[in-house]
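Naming follows writing order (A, B, C and D), and every chain is counted from residue 1.
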Amino acid sequence: MKVVVPNKLAMKRLQETKVKRINSDQNTIIDLNDVHIGEGFFTVIAGPCALESEELAINTAKAVENAGAKIFRCSLFKPRTSPYTYQGYGIDGVKLLKLLHDETNLLLETEVLSTDHLDALAGEADILRIGSRNMDNYELLKAVGKTNKPIILKRNMSATLEEFLLAAEYILSVGNDKVILCERGIRTFENYTRNTLDILAVPALKELTHLPVIVDPSHSTGKSSLVPAASKAALAAGADGLMIEVHPDPLRSYSDGEQSIDLPTFNKLMKDLSEMANLLGKKSSTPVLS
Amino acid sequence: MKVVVPNKLAMKRLQETKVKRINSDQNTIIDLNDVHIGEGFFTVIAGPCALESEELAINTAKAVENAGAKIFRCSLFKPRTSPYTYQGYGIDGVKLLKLLHDETNLLLETEVLSTDHLDALAGEADILRIGSRNMDNYELLKAVGKTNKPIILKRNMSATLEEFLLAAEYILSVGNDKVILCERGIRTFENYTRNTLDILAVPALKELTHLPVIVDPSHSTGKSSLVPAASKAALAAGADGLMIEVHPDPLRSYSDGEQSIDLPTFNKLMKDLSEMANLLGKKSSTPVLS
Amino acid sequence: MKVVVPNKLAMKRLQETKVKRINSDQNTIIDLNDVHIGEGFFTVIAGPCALESEELAINTAKAVENAGAKIFRCSLFKPRTSPYTYQGYGIDGVKLLKLLHDETNLLLETEVLSTDHLDALAGEADILRIGSRNMDNYELLKAVGKTNKPIILKRNMSATLEEFLLAAEYILSVGNDKVILCERGIRTFENYTRNTLDILAVPALKELTHLPVIVDPSHSTGKSSLVPAASKAALAAGADGLMIEVHPDPLRSYSDGEQSIDLPTFNKLMKDLSEMANLLGKKSSTPVLS
Amino acid sequence: MKVVVPNKLAMKRLQETKVKRINSDQNTIIDLNDVHIGEGFFTVIAGPCALESEELAINTAKAVENAGAKIFRCSLFKPRTSPYTYQGYGIDGVKLLKLLHDETNLLLETEVLSTDHLDALAGEADILRIGSRNMDNYELLKAVGKTNKPIILKRNMSATLEEFLLAAEYILSVGNDKVILCERGIRTFENYTRNTLDILAVPALKELTHLPVIVDPSHSTGKSSLVPAASKAALAAGADGLMIEVHPDPLRSYSDGEQSIDLPTFNKLMKDLSEMANLLGKKSSTPVLS
């Protein structure tokens, strides 16, 4: 049967963009203090859903560093569906970032929700994150782009791949090409999982663009029991890395506890990923994986 | 295996909110210079997708005013998927709002994309709009809420009704209860229409909340030929109003031309809606409909 | 913005079909003992989800006939998700159809699940129904087509409009053009309603085909409180009729009780629909509506 | 307002079923002439979309056998969206199955579309397949169940995991527990791929049931370039096997040419899968993989 090809127009629009892949050796590899992100490498970002306290931050950071992660997930703000649930540590948490830089060798990435906090966050974090809710917030995309920091751009849960890439284009169009695309699950009728991990977005994005592609196995599953399988599937599908929620005591987490894995599970997973990355010929940014 | 049960938690969360409907005579009716928006009334907002020029603005405004509309759609900014397509008139367009206030008796509503322009827009517009892409932009929701202007909140194309109502709650939680909910189509597998108009969101939202509910028949269909049917269905389903894209020459529109109806179609539709509203016992804010 | 038009290929495939609309006066109107189904008419089919007993069948039939319905929904088999739930009356129920024909003037429509029962059912029923689960059961489509009875074809909950029309084409391709298309809700992420009523399928199908189009407001909503709004929206959107689940005591229904309306609600709804059909210039097959 | 809570009821319904997993060592392993299908093994089924000719059948069968496949995909009937496209070889093709049994050592699996052909197909094939369009065809499920052959049950493109398992229960309820579940992509808004491969269905189904779970990387992607990534992701996610469309000359295929991989690609993929299965501790039913 002839397959419907609905994205002819989409692909035509992508022709004119900077995100479009021209040929196979044109991959963007981001290098941050010898941590490489992009084709041929496999990089794990890990940390709790939200930085709830100094103690949680330091303890978790040291634990994931020991397990081989090189980048720490630092979320100071939690965009929450309800105004009456935990909203995160807030901008004061920048002091936690300073502390984490002092106490560990981890790179730090953090979510930017609003231009109001951009200077403070960009002053301390190594990588900025645009969450899925803000993928279409074009003013914010241009503002973070201008910091010239590497940007993790999470796919909106209802964005097509074309829309995802055109959102990235907002960042590249202001002169910043250090964009890391993050697939984190799309919204479908299936609700056994929190979202449906669109695993084929990984090889599809690798076909369409030169940018690094990572996967969030935590938000896409919503269930800690499925995180290891999602992580291995992402690596096997060609992802350049993962962003994993890890919490020393998931059931006491202020948010997203059901999808965070504990430290023993994380250690075991890192070992398994290291072996598989090795088999697949991926170099690794992390000691355990190299 | 703990299974996620989305609705139970949702309904529990809604229990504690200000948007929740307690009993049937608790409807919020917004009154702006004798234009009423809410249960028992039917109010039409109309105008071009974007204000492209002074001439277009004035001519279209006078035409829709003659046809019975009382509120004019004034979009100065167009959030566009691609950074390389028409982005709208920009903040200078506030002078167009002044002009429209001088030349017509229409109320003016306009989209707010960023807190940067909030003061300028709130200084002139009668109603502020949060577009579907920004439904989850909680910082912006709180900021527009504080202006104390009536706010049209458009449903994100992948938001459940619960998420839609909790986004409204961000506005109510800062003390502004003049929120108008706008159903504008959700994203599904069906692509004959641009989105799938979730017509049952109208009676469902009327069950769940006391807030006014309107429908955007233009973005939900993406096809001008379907706009009249969508408009009548919305009224029959219990909507309190419509936001319709009207353009004197749709094919020359800079954006969304395929979904804008022309003036003769709009005039005919207003007449049909007036008769149906009359049959349904709806009072109208507009001369033609009363 | 230029709208993506993904169904160009689809429309090309439809060019060659018998279901394709050529011009606006080519409507198929089915005439069964002076009950007309098609453009310009509005016909209500009503009855319980399943015929549970002779008493239920007769009582409900007489009540809906009094209220103005001309066709009775007779489901002898219930295709159920689980093999351990009520599966329906079974083929013995053909004697109920005989009884209903004796005791009322209603036309009878019934669902065909398998070719095994086709002769028995076609021998007594006036209209055959293909349920949404069997829309893709092409062998069954051809078999029912050959009976030359009018066929109600329900849209599969994940079928595009193109797929829906091509399924109808299986029936027309064996020489039977008495196909009634029934929109009954599609599967989306939204789960406040059982399905999402794709109301715009009604005018869209009327653009694309000459066949009658009706709506099932019961399965599409899954909630009796929303059935009246869904019914009126369907009529306003241009539907040629409705198939409504009615039960004298919905809470005691063996199946789908949550979505069945009771008799007083049905009577009130029929009155409201009659007035609206009148306003819209629709003739009616039913006394109350005429 | 009573809210539908789909999963709670679902899980309650699954409690009473035979498909429900009780504990971790209760896995169903199907053994067919020393080809094992189930937990701990990895089995590849391969073949063209449809058996177009004797020559195609024999040549492709020998080639995939050489590459290590042990089961051959034999589709004599193609359920097609349009009645005017190629509908398959037809029931005469049973002679092709005989020939394939004579000329190769492959096990043969074939799709059953209707009870009319069941005896003829079950007389020659080793495994019967229920396609996704027939997952809800409960009469057919019970009929194939009674043959006591192993049954590959493909997930309907809009079925939840619960509905998928309850469809399997129709087969187990007639006494046949040799059911192989096949994830083949679900229908979502994303249309870069033909369907969205729900990769997390694999570990989720392994949690919920004792049945073997395989993946169809061809229909889920619709693009041959993505098939290798989808196959590896499936293995990494815990799948017990794959069903892959292979064609010696995909561009000349009568159907599904865009998603079929050619023989060199298949050979390379089998080698890669073998190494990964080895690393993951999976035994294999196929020489190359062992």
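Assume a residue touches a chain if its C-beta (ideal position, glycine included) is under 8 Å from a C-beta of that chain, and two chains touch if they have at least 3 such contacts.
Since the model is a prediction, treat every value here as computed from it, not as a measurement.
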| item | value |
| --- | --- |
| Set of chains whose contacts include both chain D and chain C | A, B |
| Chain whose mean Cα position lies farthest from chain B | D |
| Selected pair, greater C-beta contact count between B-C and A-C | B-C |
| Inter-centroid spacing, chain C versus chain A (mean Cα positions, whole Å) | 47 |
| Centroid spacing, where centroids are CA-atom means, of chain B and chain C in whole angstrom | 33 |
| Multi-partner residues of chain C (each touching 2 or more other chains) | 2, 4, 6-7, 158, 162, 187-189, 191-192, 225 |
| For the chain A and chain C complex, residues of the former touching the latter | 2, 4-7, 9-10, 187-189, 191 |
| Touching residues on chain B, where the partner in the complex is chain A | 1-4, 6, 13, 16-17, 79-84, 113-116, 133-134, 136-139, 156-158, 162-163, 166-167, 169-170, 173, 187, 191 |
| Residue ranges of chain D touching chain A (in the complex, touch as defined) | 6-7, 80-81, 85, 158, 160-162, 186, 188-194, 196-204, 207, 220-222, 225-226, 229-230, 232-238, 255-256, 258-259, 275-276, 279 |
